[in-house]
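In what comes next, chain A is part of two complexes: it sits with chain B in the first one and with chain C in the second one.
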Partner chain A sequence: MRLFWEFTVRSFQRHLTYRAAAVAGLVTNFFFGILRVSVLLAILGEQESIEGYGRAELFTYMALTQAIITYLSLFGWYDLMNAVHSGEIATDLLKPMGFVSFWLARDVGRAAVALLLRGVVIMALYSLFFDMVHPTSVAQVTAVAVSLILALLISFGFRFLLNLSAFWSPNARGIGRFGFTISWFFSGFLMPLAFFPAWVQQIAHLTPFPYALNVIVEIYTGQLTGPALWQTLCIQLLWVLLLFTLAHVTLRTAVKRLVILGG
Partner chain B sequence: MSIITVRNLRKEFKVSKHHRGMMGTLRNLTTREFTLVKAVDNIDFTIARGELVGYLGPNGAGKSTTIKMLTGLLTPTGGEVMVNGRVPHQQRQLYVQRIGAVFGQRTTLWWDLPVIESLELLRHIYRIPPDRYRQNLHEFTSLLEMESFLNTPVRSLSLGQRMRADICAALLHDPDLLFLDEPTIGLDVVAKERIREFVRHINSARGVTILLTTHDMADVERLCSRVMIIDHGRLLYDGRLQTLQDRFGGKRELVVDFAEPYPEVTVPGATLTHYHDLRATYEFERQTISASELIGLLSTQYRIRDLSVREPDIEGTIRRIYQEGLLTGDA
Partner chain C sequence: MWHTLTLYRRLMSVQMRSQMQYRTAFVLETLSTAVIVAVEFGSVALVLNRFGGIQGWTLAEVAFLYGMSETAFGFMDMIFAGFDPPVFGQHVRRGTFDQLLLRPINITTQVMGSEFTLRRLGKIALGLAIFAFAVQANQIIWTPLKLAYLPVVMFSLFLFFGGLFIIGATITFWTVDSIEVMNILTYGSSFTIDCPMTIYPDWIRRFFTFVVPVIFLSYYPSLYFLDRPELAEAPSFAPFLSPVVGVGLLLLALRFWHFGIRRYQSTGT
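For the complex of A and B:
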C-alpha cells in the first residue's frame, strides 16, 4: 500500500509539470465541447426535451463528458503497450512488485491531475457560460464522487486489458484504436445513451462502458436516484471486480507466453 | 558453495517460415510452418559465490537467452536452472528480490523521474531498511561520483551517468548476485574505467557474485579471471582467461633497439618481421622459445640499447576463436 502511494504521488507530481500542454489541451477541450453541444442542440430543435434531456441537461452532459475525457483517457492510452513493445516490460518484471497495482498507481496519479487541472476547470468554465444542472444534495455529490472513482477503475481495467494485446501482436495499436472507438459508442460519449433505440441501449448495458461514463451524467443530473442509483453503483463495483480479475488472469497468461516465446 | 547451477540447459524457439512470392504468401496464410532454432543447446556450468565470471560470445550466440533464463524472464525448454536456491522462472517474484541486473542497452530507472526519486522508489519496492538504504546510497553515490546528477531526470543524463545510476540502483538492496549485461557499452575510456573499478570493488569488498556479459575485452582482462565462451548455443570454453590466451593467443613480439647498426640480425626460433633504423621486430611463439631465451641469444651477439615484449591482445585471440571456430569440437 505504501508502495502504491509512492508511485501515485510521483506520477501526480510528474503530470503536474506538463503545464503548457495542460493549457493547450484545455482550450481545445472547451471548443470541442461547444462543437459537440451544437449538434445536440440541433437535434433537440424546438422540442422541450428528448428522453429526459432538455437544454440544461444537454449542456451538463456535454460539460461532464468533456471534463472526464482525460480523467478516463477516453482518447486512448498506450503506455503499457509501448512498454511491452519496447521491451521495458522486462525490467519491470525483474522488480519484486505487483504489476497491475504498479500500473494502477501510476494511472491514479495521472487521473488525479487530469481531474483537477482539466475536469474541475472545464466544469467551472461551462457553468460560467451555460445553464447547467448540478447535484442538489450532499448524498448526490457523494454518489457522483464514488461513481467517478469506480468509473476510473473500470476504465483502467478496460485499458489495461486492451494494452495487454501487445503481448500477442507486434502491432496492437490497431486493436487499441478499435477498442477505444467501441468504448466511445457504448459509453455514451458520442451521444447520451438515452438517445439510442432500446435494443442498442440493452446491448450497451451488457458492456462495462456505460458504467464508466453515461451513469456519471445520469447521477449528476439526478436522473438516477434511489434504488436505481444503488443498483448502478453495485454494477459498477461488479465490473471493477470482473475487469481486475480478468486483467490478472490475462496478465499471467501473457507473461507465461512471454517467458516461453521470448521478447 | 555454488550460487548458480545449470544442467543440460536448453532453449528452443519456433521461428515461423516465410515463403516468398505470390504462392508463398498464400502458403503463409494457409499453413504455419516452423523452424526450430536452438538458442541455447545443452549447456552446463556452476558459479561459486563471490566469483566474477565473464560470459562471452558473438552476437546471437545465446548469451542473452541464457541471462534471461537465469533471471527468470524465460522458461527453459529443458534442463535445470537453480540460482540462489531458487528456480528463477518458477519463483520469479521471490527470486528477483535477491538479485540485481543492469542492462547496458536499457535503463531500469524511470525515465522522467530524477535519479534520486527512482532510487527512493526502489527502496520501497525492495523494502530496504532505511539505515541500510542510507549507507548504501552514500557509499555508491560517492564511489560512482553521482552527487552532481542525483536530482537530474534520467532522460537528461549522459550515457555514462545513466549507467552509473543504473548500477547503483541494481545494488541498493544488497543482492547476492548481479547480472551485468554490457555495462560499458558506448562509454568513453574514463567512464569505462570508473565502472570497472566499481565492479571490482563490490565484488571483492562485498562479495557480490557477478556474471558479466560484454564485448569489451578490456573489461574481461581487467575484471574476470574466469571466462565462459558460448557460440551457436553451445558452451565452448569455461576456464581461466590466461589458459585461453596461452593456447590460442597469437604470436608474441619482441622489439629490439640496437646500439649500433648490424647488417644481419636473424636469430633461430624467431622470425624477423621488420628491421629499420636500428629497430628490429621479431615474432615468436611461446611453445618454441621463451622471451628470456630469445633476449639471451640476442644480447650475446649484439649490443642492445633497449627492448620490449608485446603480448598478443585478448581481443585478437577471442576474434580468432569466434571466426576460425578454434574451440569447436573440444568443449
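For the complex of A and C:
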C-alpha cells in the first residue's frame, strides 16, 4: 500500500509540471463546451425540458462532461501500449508490485491532477457564467464522489484492457482509437443518453460506458435518487470487479506471449 | 517548380509505401478514422431524427453541412498532415526541423512531404457518403452555376483549413506548450460548421465571420445550394466569397510561415 501511495504521489508531481499547457487546455475546453451546448440548446428550442433536461441541466451536462475529459482520459490513453512496444514493460514487470496495481497507482496520480487542475477549475468557471444545477445535500455530494471514483476505476479497467492488445499486435493504435470512439458514443459523451432512441439506450446500458460518465451527470443533477441511485452504484461496482478480473486474466495470457529482446 | 513537384511526389510515395507495410494495422487505422465520423454523425442523426431537426433545418440539410466539412477537412488533414501543429511542434522541440532547414531544398515542400496520412481516406470516404446522402435527400434544384460552384466551394474550404494548419505550425516556433489553443481554430471551425450557424451565440458567430471567416466557406454557400429562406437576409455576395476567403487565408498563412522561418531560432537540441 505504501508503494502504491509513493507511485501515486510521483505521478501526481510529474503531471503538475505542465502548467502552461493546462491554461491552454482550459481555454480550448471552455470554447468547445460552448459549441457543444449550443447544439443541445438548439435541439431543446422553445421547450421547457426534454427527458428531464432543461436549460440548467444541459449546461450542467456540458460542464461535467467537459470537466471529466482528462480525468477519464476520454480522448485516448496509450501509455501502457507504448511501454509494451518500447520494451520498457520488462522493467515494469520486475517491480516488486503487482503489474495492474503499478499502472493503477500511476493512473490515480494522473487522474487526481486532472480532477483538481482541470475538473474543479472547469466546473467553477462554467458555474460563473451559466445557470447550472448543483447537488443539494451532503448525501448527494457523497454519491457523486463515490460514483466519480468508481467511474475512474471502470475507465481504467477498460483502458488497461484496450492497451493490452499491444501484446498481440505490433501496431495496436487503430484498435485503441476504435475503442475510445465507441466509448464516446455509449458513455453519453457525444449526446446525453436520454436523447437517443430507447433501443440505443438499452444497448448502451449493456456496456460499462454509461457507468463511467452518463450516471455521474444523472446523479449530479438529481435525476437519479433513492433505490435507483443505490442500484446504479452497485452496477458500477460490479463493472469494476468484472473489468479488473478480466484485466488480470488477460494480462496473465499476455505476459506468457511476451518476448523481450535484451540489449 | 518542376523539380519541386517531382520531389514532393517522391516524398509522398515513400510515405505511402511505409504506411502500407503493416497491412492489417493500416486497414484498422483507416477504419478507425471512418468510425469516428460515423459515430459522431450517427449520434447527431439519431437525435435530430427523433426530435425532427434543429432550428428549422432537417437532418438532410444538416448532413449537407456535415458532409462538406468532414470531406474537406479529411482531404486537408491527409495532405497538410506535415503542418499538423502538435506533430510539427514535436519536430521543432526535438530539433528534427533543423535537419530539414539544412537541406538545399524548398522547406515548405519538405514539410508538406514529411507526412501524408493515408488513413484519413476512411474519414474522407465517410464524409463523401454523408454528402452523397444529403445531395440525394435534399432534392436540390441544380443550375449550371450551382454545379460549377460546388467543387469551387469544396476546394476553397480545403485550402482554408490548410491555411489554418500552417498558421498553427508557425506558432509552434514561439510556443509548443500552448498549442492546444490552435484546436479552437482548426477543429473548432470544422466542428462549428457541422451545424447551421444560427444556433450559436452572437459572439461565436462573429468570431467565425470576422476573425476566422469560415462562415463564408460553408454556411453561406449552403444557403445558396439548398435555397434556404435565410438567404434573403444575408448580403447577396456572401455565398460567393468562398474562393476569395479560401485562397486569401492560405496566402496569408504562407506569408506568416515564411516570416516565422526567418525569425526561427533553434532550441539547439
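In this text, the second predicted complex is superposed on the first by the 258 of 263 C-alpha atoms of A that agree within 3 Å, B and C clash if a C-alpha of one lies under 4 Å from a C-alpha of the other, contacts with A are read in each partner's own complex, and residues count from 1 in each chain.
We take it that a residue touches a chain if its C-beta (ideal position, glycine included) is under 8 Å from a C-beta of that chain, and two chains touch if they have at least 3 such contacts.
Since this is a predicted model, take the numbers as computed values, not measurements.
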(message) For A:184 in the superposed arrangement: first (chain B), second (chain C), both or neither?
(response) second
(message) Let me test your reading of the model: by the given contact rule, A:39 touches which partner, first (chain B), second (chain C), both or neither?
(response) second
(request) Would you sort A:27 into first (chain B), second (chain C), both or neither based on which partner it touches? (result) second
(message) With both complexes superposed on chain A, which partner does A:91 reach: first (chain B), second (chain C), both or neither?
(response) first
(message) Is A:139 touching anything from chain B or chain C once the two structures are fitted on A? First, second, both or neither.
(response) neither
(request) Name the chain, either chain B or chain C, that contacts more residues of chain A. (result) C
(request) Quick one: classify A:120 as touching chain B (first), chain C (second), both or neither. (result) neither
(message) Contacts for A:6 in the overlay, against chain B (first) and chain C (second): which applies, first, second, both or neither?
(response) first
(request) State whether A:169 touches chain B only (first), chain C only (second), both chains, or neither. (result) second
(request) Going by the contact rule at the top, pick out the chain C residues touching chain A in the complex. (result) 22, 24-25, 27-29, 31-33, 35-36, 39-40, 42-44, 46-51, 54-55, 175, 177-181, 183-184, 188, 191-192, 195, 199-201, 204
(request) Over in the complex, which chain A residues touch chain B? Could you list them? (result) 2-3, 6-7, 10, 14, 86-88, 90-91, 93-97, 256, 258-263
(message) Which residues of chain B touch chain A once you look at their complex with the stated criterion?
(response) 13-14, 39, 65, 68, 71-75, 89, 92-94, 96-97, 99, 101, 103, 106-108, 110, 112-113, 117, 120-122, 124-126
(request) Sort out for me which residues of chain A touch chain C in the complex. (result) 18, 20-21, 23-25, 27-28, 31-32, 34-35, 38-39, 41-43, 45, 50, 169-171, 173-175, 177-178, 181-182, 184-185, 190-191, 195-197, 200
